[in-house]
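Pasting a structure here, questions to come.
To keep things simple, chains are lettered A, B, C, D and E as they appear, and every chain counts its residues starting from 1.
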Amino acid sequence: MTPLDHLLLLSALTAVFTLAAGNIRSAGWIATLLYAAQGLALVKMWGMGYGPEVADSSISFQLLGQTMHWRFDSLSWFFALITVGAGFFSSWFASGGWADHYRAQGNSLRLFHSALALNVFSMLVLLASGDLLSLFIGWELVSWASFLIMGLASTRAMGYAMRYLTYAIAGAMAILMGIVMVHAQTGSFEFAALAAAVPGMSNGTLWLLLLLFGGGFGVKMALVPVHLWQAKAYAETPGPGAAFLGAISSRMGLFALILVIIQLVGIGRLVGMSIPYTFLDARDLLAWVAVFTMIFPTYIALRQHDARRLLAWHGVGQTGYMLLGVVIMDDLGSAGGLMHVFNYATYQAMLFMSVSAIMYRTGTADLNQLGGLVTRMPLTFIAMLVGIIGLAGLPPMNGFVSKWLIYRSLVAEGMPLLFVGAVIGTLGTILSVYKLIHNSFLGQLRLEHAKVEEAPWSMTLPMLSLAAIVFLTGYFPGVVLDWISALQASVGLPVLAHHLGGVHFAQGGLDMIWINSLLIAGIAIGALIFYSTGRSQRVHQLDNYAGGHFLSADVRYQYSDNFYPGLLHLIGPWYRKSFRWAESALVSLTDALSLAMQGLYRQVQPSIYLLITVVIALSWVNIR
Amino acid sequence: MKDIKKIEIIQRPPPPEPARRTNPLARVFDELVRFCQSRSMFMLHYCTGCGAIELPPAMTSRFDMERLGIQPMVTPRQADILLVTGYVSVKTLKRIILTYEQMPSPKYVIGICSCTVNGGMYWQSYATAKVLKDYIPVDVYIAGCMPRPEAVISGLRALMEDIRTGRGDAWKKYYQNYDFYLGNQQRLFGEKWQTPTDVIAEAHHYGMMTDQTLGEHTDLLEQNEVPLDALRTRLKARTE
Amino acid sequence: MSWQELLLELTLMPLLAFVIGLAMVLMMRRIAAQIQRRVGPPLLQPIYDIVKLYSKQTQISHGFIHELGIMMAVGGYIAAEALLPVPGMDGLADKGGLITLIYFLMVPTLGMALGVGQCANPNGSIGISRALTAMLAYDIPFVIVVFGVAFHYQTTNLAEIAAIQQAHGVSGWGMMEMPLLALAALFALQGMMGKQPFEVYIAPAEIATGPMVEMSGKFMGGLFVMQSFQYYTAGVLYTILFLGGGENWLTFLPKIFAVVAIPMTIAMLFPRFRTEDLVRLMWKWPVMAGLLGLAFVMN
Amino acid sequence: MNNLILLVVLPLITAFLLPVIDRFSTLAARWSGPLVLLITTFIGASAWLQLGTGAVSLELGGFRPPLGIVLYVDQLALLFAIAVSFGTLLLWPYGNRGGLRQQTLTLLLAGSGSGLALSGDLFNIYVFYELVAVVSYGLAVSLRTPAAFAAAIRYLIISGFGAALSLAGIALIYDATGTLNLAQLAQLAPEKLNDLQGLSAFVLLLIGIGVKAELFPVNTWVPEIYATAPKRVSALLAGLVSKLAVVVILRLLVLIFPQPEAHTLLLVLGILGVLTGELAAWRARDLPRVLAYSSIGQLGIVFIAFSVPGEAGVFAGLAMALHHLLIKPALFLLAERWDGSLAGLTGAAKASPLGAALFVLFSLSLLGIPPLPGFWAKLLVLTSLAQMGAALYYTGAVVIMLGMVLEANYLFRIIARMYQKAPSTGTPPGHGRLDLAISSMLGAGLIAAVFLLAPLADRLQGIAAQTVDVNQYIEAVNPVPTRNPI
Amino acid sequence: MDKNLNVWLDNLLQEIEGIKFRRKSTRRVRIDVAMDALPTLLELLQGRASYVHLSAITCVDWPDDGEFELVYHVWSYETQSLVSAHTRIPRDPGVYLSIYDLYEPAAFFERDIHEMFGVFFEGSPDMEKFILTEWDGPPPMRKEFDSEAFVNQQFEWQPYHPDWLKELEEEGGGVTTRPEDIRW
């Protein structure tokens, strides 16, 4: 029983336990402990985090002349760490007050916990895949598990889950086609076989493979052309479920992309495959898809007025950064992209949790119905503040480090337009993230929220511990960079030389210990200056300047709807929903075809019809 | 800054010297702070009456107020001087009191035009408040039925002198005998008169409370004060 | 570089920045007065204003986040000064380069935005939404410029950039080698300093000085201090990137004052732009100039 | 081994004796059918054990092949013969639902079905095929609804037309080679039937037999019949009879017409079958029609698989056919009580949780979700298609993929509706205990297949190898060489 | 065109009995009409004689006659001439009917007069407080309302007796009669 078996067994045990005893009161807590146990089992394999070790599992199948086996290497160890961590925090969040609230609304808690456990288990199986066939099996399990957790909440959620399913199955079929093509070329499903066969393949087949695998994994990562399903589906998932999905679910696509395209096909071939009549090659294509994935969803998020929808659209946007970082494939960029996976998981989960804490207390996540909650829910505010600083990528938090690495590598590699595209994405994030915290926590407290209390400890503790992680990994990025350098070595990317505080780079490095302490010292001096002079007095929120008007609480003077009128007035006409139009055009085409086919089968007079078929068949014979 | 000395100041009997802190260092520091306060006054851009038409010429190139360090500011929060210009109608007086209470102290009121002194041209009118001094403490009066910019500047110059010598503390009177002012205000606006600013809490917070601060008028205020937040009833009235 | 010297530098740089910043604020008000044919404020007026604001006896606060906003506004810039190399003092320039500095310049804006948010005043919120839109507008040309410079000198360490430029003398200045980028940077500078044509978020007549609507006493004082730091940082950054940084103080000071004087004079001649026009202008000419400059830099 | 003829003869005799037995005691009549089927299944099973990997040819009445009729028994034929008798046993109209008539016809179907599977003579195949066709007309109308009669008439026309075509095909073959015994034909085919006449004979035969095998142009009868016939009959037709026709086509393809044109024709018709089946199912009104169209699609995949020459194609096709044979009857049994409009199914999971769970299991396997056997079958098909490397085969693979996406969408649209909260108006009906029992047995069979996957796969590979081996067929039958016809 | 309109206007007005009109100048006509005839007059002026613009409604308080005098100023763009229709209404009920249906701006003039004089116009859309929102005393423009007495009672005055005025008065100087008491 290798350590990997312990992990998979434990994960399966959690799934079975939650399925069996999900509805008992303390089911959530026990599930959280089980996730912690999984974390321990993972830590036992810490060797992979810091060195080129590989842990094989004893389970393997011998079927149809193919052997399927499962193993862990540092790439899967890194992703597994984030998956189990996200599972641990989401189930911890879902075990206290939130659980009673969820059950009070008539939903079955057992289904939710088992769906979460199934998700974690299927992701671990995917991460442990040893060859293309087990990769596909894990991939299908993951997409079905996330379908299950998405469709729990309501009929509307089930509608979005159905839409996700069609995308997922289409993606899976593309991957299966790719695997079968590889099998046809190399005769086996092993990774090594593919790696060996790649030099021999012509550019045409490689392009086909890239499109198939890229498309299939891209569907899960919600890259631009196929990004429509993710935001709505994640927004409708119940609170901690959304936190888990937002944190790690679409990163499985990135894991598989790294495994297949980066590790097996490798950058050499990617740069070589040029698109005719353009200066672009395969790597540029992936980079530009990443940049568009950064910009479009972020500016769609800007217009949302439902907090969950806004965060989900950011989920789609931030995947662009990870892909861009990984696709640059130099030591800085790939380290930035991979670290962004870890960073993003931490603060996205925290943001989703804080939004569901607000929904738990006020009943709504609509930004136009909220306001002024900072006085009532300070801890949730701190969690969201740390989250948005991380999401916007500002210095004290870890989001800054990964974005700095990506930008620094873009400058070093000399890709100006990608750099500008990435910055447009960041600025869009900063704008929409401020709108999120302003409309929900700042501004005028509404009458109906006057008596709202802070979220219970079972919800605030996970949030605050995640905030601590975000701050600490921001202060000492070296901790995460160690795992990433081990991962880079195993995947074959150039390894990043780093130290605890950041990266030492000849032409302008980054030392987060200095930068953060400098910033905190600056703010401390600001505070010193501020508090050294006269005492200030807290005044009532209605004691406010309103041009001489006597303010009263029933007049709502919070400015929250249509938050960036100038900008949206200018870029309003650019939102032409062209992707949604394309999707609905496809659906209506299938409808038309299906009605035509049904017409075919409703032929009442078959005789003429048969004569035609025979004539055609025989004439076809004569032509031969 | 060439001809600041040339603006002559109307001589007024010097009132008693304000209390000075004993140790010399603190006194020099207070002297410096008061000097800076006198040389940098933010004027609230709020035209309460007809006299305000004289302010733009005082600000622009001919009589440039900025050389005295006076800038027009938009909100009461940022302003130090409240210029009450022209007749003070009862409706405007409500807004003046609200604005005055929203200003951070030390704050100064300058009554421009004779209407603020004793009612001026509209002394018989039922609609104007005659004596501004009864409702908010006033530092300097500038008489004239719309005094010319030179007069306004010399008034401001007198105020600067008061501040520099430490006599410009009329704003403390508002806290110290708030009851007197509140009484006059209630007499004019009725018992239900209330402003969002909690002046009594502020007086308490900054240690300006004296025995005159609280009285029967403040008790009256306590009784029929409508707590700002609990306006649910009006909300329901509004929605039916 | 022993830690005592570093400590000395870290304290000296912000103080110098503050003093030079005050001088720049005075210069701005004097230029404004000169253009409007007025006498203009006395020499020490900025100090008088700040001392008066800090010596206010009743300060109105709307909550801790309101105070935190001002602390972040002032503290953010104090921290940013340490990254700006000035003649004789490099501070922590090598620990975080040009990209870190851009983010450090965003920290005060967002800190102030948080503070204003809690004042629950619609004027403030409208002002902040316009300020962030303006930031989005002028940051895009600025980022193009930053990329061009970083790629041209193959480094993001500001001290090195200044050293490279000084090595070749005046002909080595950024402005000579990358004129278009310098022009685009000037546009961005105008937006970054929030001066008249792009002052839509202060807009006194329209939204009662936007974010500063509820700032009294030391809050307002904090913002005045931030304003002086803002001018100093903008001026020094532009000088380092395009005017060869500071060999010695005698040549450095005139350069930064000249750089800051240009946007201030332009400011006094223009009315305020609407937000859409501001964004449209910023995304049209400076971005074109920047991209053209980049094309030259790239090959 | 000789008593295998009983597989054909015994059901036929009991079918005719049933009215006589019924005269004596209805109880005996009701149970005699299942008893006979039990005996034939037993005989088949014991023959299967004796056969091992060999192949046997039984001359009926001791006459040597060119004159006499021969039953050729190899693993493929025996497997399908057992499947027919055991399947009819499972899907027997218990509880006297269809009355005596339906029981006799079902027995006739069983007898002729096993005959069709075993016969080694072309004309004999035609006779049994006609018998199966006639019996299925009778079974299709056992509900006596006007819609059933209309559907049956259309089915009669098409089937009759198909029979005529196949007779013409057989005539062409007889004219060219002078014999109808499959073994002899296999010997003579390379030089006699390799020309135009041979190919047109194959086309005629393909379309003729294709009617029962739901081949593309001639399967317009399928949705109406399966919707209006009693669900057990539809299960029989969709599950067993269509597979027998496929086996016959496979025999023809392997033994007599190995030319590439035949394979490409089969591929084209298969692709069209998948496209029309899946697309029509996207907008079907009620569950039986969805299953009908889906079975057209699945059989299209089987044909695509068989169009791959050589052992890999046959292996993949057999895997898909057996998987479909296991799942489709179970789904039809579930459709027994759920045949109302799809909207009526909202909240059905609450009414019969086991039924809904089984439906989910079967649809997952149909879609080819990894751990279930459906995935391995589809993987075999795809790998064999990819091996061919020709453009047409790639389009075949892509069409299968698109089919799966469409199938996933419409199947899970139904499942999503089932698991929603039932509307207050009316909750859908639960299932009969018997139907549930049989379909859950089939479900258990499916899950068992998951665990016994490796041995099953090797045994199936053996069968495929044997079917492709033409010389083994010829030696087993060793016909007397005929003289060239004048 | 305007000449014969005036002539036509003159003989039109003959039809209404009890009407007195005096042409003050070519562009101004004063008409005195009875209380109940005014609406018909205005209707004729507006409908037939193109006096479409109601400039103002003013009210004059005749306390000794016990009447209010309402003056309606209507202007015609075509003839470029103004008609002022005067009418007298009794003071004590102080009720008159509104001409809002003829001229919509009348609503504001009537509301103002109601606030200042207390005349109630039936049919006028809005009779609430208009400008004097803080005032709850009697209508202030009425002549019997003594503003000065009210002011003396309501407000105190700033005691203003500077030293230099005292010396002047000792020498017999200073102001003896107050400026507003001088009636010429």
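The working rule: contacts are C-beta pairs under 8 Å (C-beta built on N, C-alpha and C of every residue); 3 or more make two chains touch, one makes a residue touch a chain.
Predicted, not measured: the structure shown is a model, and the values here were computed from it.
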Contact distance in steps, from chain D to chain E: 3
Topological distance between chain A and chain D, in contact steps: 1
Chain whose Cα centroid lies at the greatest distance from that of chain B: D
Most central chain, Cα average position: A
Chain whose mean Cα position lies farthest from chain A: E
Dominant interface by contact count, named by its two chains: A-C
Approximate Å spacing (C-alpha centroids) for the pair chain A, chain B: 58
Centroid spacing, where centroids are CA-atom means, of chain B and chain E in whole angstrom: 39
Between chain B and chain C, centroid-to-centroid distance (C-alpha), Å: 36
Chain C-chain D separation of Cα centroids, rounded to whole Å: 80
Sequence positions of chain C contacting 2 or more other chains: 55-60, 208, 213-214, 217
Interchain contacts, given as pairs of chains that touch: A-B, A-C, A-D, B-C, B-E
Residues of chain B that touch chain A when the two form their complex: 46, 75-77, 94-95, 98-99, 102, 195-198, 201-202, 205-206, 228-229, 231-232, 234-235, 238
Residues of chain A defined as touching chain B within the complex: 447, 450, 535, 537, 539-540, 542-545, 548, 550-554
For the chain A and chain C complex, residues of the former touching the latter: 371-372, 374-375, 381, 385, 392-395, 400, 404, 407-408, 410-411, 414, 416, 419-420, 423-424, 427-428, 430-431, 434-435, 437-438, 441-445, 506-511, 514-515, 518-519, 521-527, 529-530, 533-539, 541, 543-547, 557-560, 563-567, 569-570
Contact set on chain C toward chain A in their complex: 10, 14, 54-63, 65, 67, 70-80, 82-83, 92, 94-100, 103-104, 106-107, 110, 113-114, 117-123, 125-126, 128-130, 132-133, 135-136, 139-140, 143-144, 147-148, 150-151, 154-157, 160, 200, 208, 213-214, 217-218, 221-222, 225, 274-276, 278-280, 294, 298
Footprint of chain A on chain D - complex, ascending: 154, 157-158, 161, 165, 196, 199-200, 203-204, 207, 217-218, 220-223, 261, 265, 275-276, 279-284, 293, 367, 369-371, 376, 379-380, 382-383, 385-387, 389, 397-398, 401-402, 404-406, 408-409, 412-413, 416, 419-420, 453-454, 457
